[in-house]
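Input: one structure, supplied below.
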């Protein structure tokens, strides 16, 4: 039973794009184990192109020679992941991460390498061949490497089972499957086959679907076949994207529950885009980062850190280690907006145990603004109020109010005796 | 401060269409005062065409002679509402209803009678004339009587203020304004002017907008300018319509809160369509009626009874007087579906005071079916469980399960000590 | 058998809008009889709002009091058309125009005056009443006066027959029916009923449908029920509209034939918009006017002069009296574009009698440009070539070429011995 | 200057699909030279998959091994085209066809073989490589072999020039380029580059674009860059497709002229689908075949015979050797429909030399029907009339009329002295 609360971890994409290396992964895993693990952070995820020896940044190289085994299954490029030598795959790296008390994840694209089909390779553990499983017309719009599979055929299931078998052997705990979450209706069956192959592996792995926006009308299908799925296109450190998330969060929030979480995408905090510029850091202001963390918490989105974590500054650490805010992920349910306008948003989320109510106030405007809310409370109670970013206890009141700088947020826990 | 909980009452449309009379209204008001008032039912609403002397059923008569005053304000047809004689309007009827401890509502169409414009009548309390306020191109697609107003002009505001002044004098407590809720964007401004004219009257009146579906993307505008608004087209006693309501309820549920309620429309229970056939009764099965009442309660929709209530049978009375179920309207918040498929739906709603959680199980399929849910509860608690339609207390459990006949529903209250 | 060649005439809209008077009509009719009639010009058409006493310019007045007879048939406003006094209607004016050897036309809106329905007037020559023929939901998007009719009912046919009976009595030769040509599919039946009522009158009247764009896919319906129909929205003296006409002309040209003509709308030449400014004249350059006349001729569009003709200058007269160019309307068939690009267009049209080929060259660009064409000709012939605007005979050649100023056109007649 | 009249020839697709062989081509070429050449038939075109050794019918095999040279240019599969051995390509076959006095054509797909890109082959005559010219995301929706090219790069032009250089060396006269005519806007630039590479080869080759429907709004682009282009999806021997062609023919007819011809697709007459069943013959009735030939002639569509011609029966031969009907292709211009309804259609086309007018009458209904037309003729002439399928001379008349069996057509030549 995976993903009983929203998964929390780190992913290599925002800081290293297609060019992440084993050194980087180990360094960040050690950091997480030492600094963040006590707050609930646990997944270390290697993102896209780990089988491409020549990747150098966030772009994709057409017709590159991907490393793969004799069955058309991608394997880590040994020049980038030395421990994968001699056919070891990701097992040594996974073992290392497990030794730190963390969990290990990898990115995959739906389908198989195009060359596996053109070379007519056999499918491991089956009487089939890759070229009968592959669909020559099913390609990704933004990545040149793969063919999707003909999921109506047993060959396709055999191929997907062969890769999840390999990932289970490696010790993988988390799969970010790409080119699929927004590809309804044509990939609907492919999602089912991938999900079933994942479960058939016998190993608990979180199944995360990208990229978004996944279609809202497919919510029940996604809840059944995936543990998390992206609700928007790629999210980066741009205020317009963050502001836009409020609308999607409102539509998706009722679908968050143990085992299946709408995913607002990675947290672009700290040091980013390191291949392009080692000095680069998030363009979000501290206020905007509070807004992001608060919204992700109230909607109970998974949280995946995008930073090169070893370069975290004090603010970034404070953001990622506020236990009261991160508790919202685990202790609330039924969170939803009370209202969202051009200028402000108010969210409310009861504590699951009935002991209180979280209220988040967001200033979405470009100037200082007082935001207020009068949430539904039992008649005649006067709740105690604490703001969770500052830790301050406020005067008991049924009206919650905050004067907020541009793009900033506050989040309160209201409690009362019943 | 009206509509702090979802309004509950009776409306004449389902049983008498365009042909309701004063006798009928008084008879039903007396019934409500005696039988239903203790359970929270309070509004008595006269629906469409009360100014048309010749209305006989659910249809509209083009180019009929509506009764109106010298200022182009519709007045009750005296042949149908005798107490309105001598210019008394609805005041005597409102007084009677108030004397029963109930509240009085009327239906209006947006705009003014077409003949008020063609006759160039003056607008009461203003220097303006009707023909400059009316928009000759703004008509209703399904009713022939009115012109919408040119809401960018002060003439339009003057006309709307003149009618709400009259309604306040009559003692009206509830306005069902029609031909407007789904007319975005062209009626966006008209909604604002109507809402402001209503408030400017100085009398508390619930403002209810019809018909649906109101557009979801206008949720914040509706929440600001109306107390309730229809989320679907007309709802009748047809299973397909009831099943379809689950999708709209899912999308709208996060917008229900004190002062503004997404409205799933009237409850077609008991004796209906009396002009066409005095023997006619709801085509919903008892199971379907439980499903309807449960869904309306969990989403906190307003509830307006469609029956000729004096013909209520025992089952109908039991449905309308289950205090535990009706309490969900007033005591829960944050209700939303956990899942909805072709065959079943599960909704959850915390009690606002933190003492428990409502769980509703719906069998949407055409055959008997066991529906189960494992809601989010605090770790380690084993809740007490009671089913509210039967009143039965069940074994304490974290898994809620019911074997349900086709189209039936059960609703549970889970409580625990914290 | 009307409209065997494209109708040619004058219409009051471009110069007087809704405010044309009898004096104006008579003055322009006299001008046409003296100056233009020898070139084929023959229709004098009174455009919209002749029943509105208060019209002063191109705009429409909501809820105005239209003049009508006891049967809800509009009659000329006597203050504007004095000869219509004493119930004479347009008969005296029609008689006058006939006395000049010309033909008389009027504008109508589809439907009946709104007040005819609200007043429950009888329908002449029938047992019916206006309010059962009118459709209260069928209104015009841009004019406030009328209701469309419920054309599935005999009442509607009776009303339309009653008005065409009146027009036949008046001596009307041409009906411009408005608010209908682009109103497919909802007015499809109304077009049929109007057309049949027109024919049932027993008098030959050209039936012209407005406004455009009529839908191309309804070409066969239009060809069957109308003599001409607008292919674009209102055309005025604006180069972008003229340039845009080339695309519509290309699509419609194959549907031009005796009895039914795609209509490119009025010719805004000479003195226009006289109510607003008596000094106003066309904003088209002489080159653009040649382009317009040439395109209308090659596509065989009806030609309706928009000018206050008594203010025609020499250039305008030359444009309207070039017999060679106007002959294209009557002597060619099968005209169509050979090509049309952003910068130029070439049209070709054989003479119906087989004696030659018309070639039109258009410079659609904003600068001087040489346009050339090598049309399909019989093998081995070397045609004689004459340019029709200048009258110049050119060197015999199979390649036609012209150096044209911006927006200008040339048109050639090629002839050969066979 | 190619395609001065609509190209006429034979294509292997309808009879042999993807599996045509050299023997078949030679046999049909010999037949054409002996029987059909005098009537204007001249092209022999080898359709799709000539580079695939394993093709057996009308279907495509994913990930097959196409034969290609060291530069990624497809070459004929030697097992199917023996004369192509030793790198001779199609030259020996082209030489043979030329020796018969005929012209030789081949089918190509836009783009390059996928394996040419994956293998990083060099581009002949350039410093470039295939994998930089290919676009990994540009694939065909229905054929698995190729990648489209990145036409904004010089590499793409270099590749296209390399293949047209080869085709010129082979002696190719006609290129049917597939997966392109309906692919606007994304293939707009690719059409230009292919057209320019074709012209740059120095050899006259007809450029034919498939499949349809090409978009009507791209008519001028198509006229500039291609000699013929398909106006519908694949046409087969199905009455619904033939009836549907009337609508497309009406829209496209004005764009037919020397050098560029809207293409109604192959003529499925005689023996078809020979790989599937050597006994298979066209499902069109003789009447339907007359209708097809008449429409193709009147709209001046290219004509490509789909039959295994050596199995032609007498009727098929009569259809393909009616010189009077085929003359319409060469001697008429400005053909267009006079009207087309559900039940009938009438087309008219003047003879280019001015000596007469062709009139075609079509019965599109399922029962016998008399179709009549009164075409535009010079005043006062009484034309001589001859029906071209029967050869019968009829009584002189201005009204043309025929009693036609279901789905049949008649076509007349009207002549007069001027």
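Going in written order, the chains are labelled A, B, C and D, and every chain counts its residues from 1.
What we mean here is this: contacts are C-beta pairs under 8 Å (C-beta built on N, C-alpha and C of every residue); 3 or more make two chains touch, one makes a residue touch a chain.
The structure presented is a predicted model; accordingly, all values stated were derived computationally and were not measured.
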item: Chains contacting each of chain C and chain D, listed by label; value: none
item: Path length in the contact graph (chain B to chain D, fewest steps); value: 2
item: Over-half contact-pair match to C-D, picked out of the listed pairs B-C, A-D or A-B; value: A-B
item: Centre distance in Å when chain A and chain B are each reduced to the mean of their C-alpha atoms; value: 42
item: Chain B and chain C, separation of their C-alpha mean positions in angstrom; value: 53
item: CA centroid of chain A to CA centroid of chain C, Å; value: 65
item: Contacts with 2+ other chains: residues of chain B; value: none
item: Category of the chain touch graph - line, ring, star, complete, other; value: ring
item: Listing of all chain pairs that touch each other, if any do; value: A-B, A-D, B-C, C-D
item: Interface residues, chain C side, partner chain B - complex; value: 62-63, 114-115, 117-118, 120, 131, 134-137, 139-142, 144
item: List of chain C residues in touch with chain D within their complex; value: 220, 223, 250-251, 253-254, 257-258, 333-341, 348-356, 376-378, 381, 416, 418
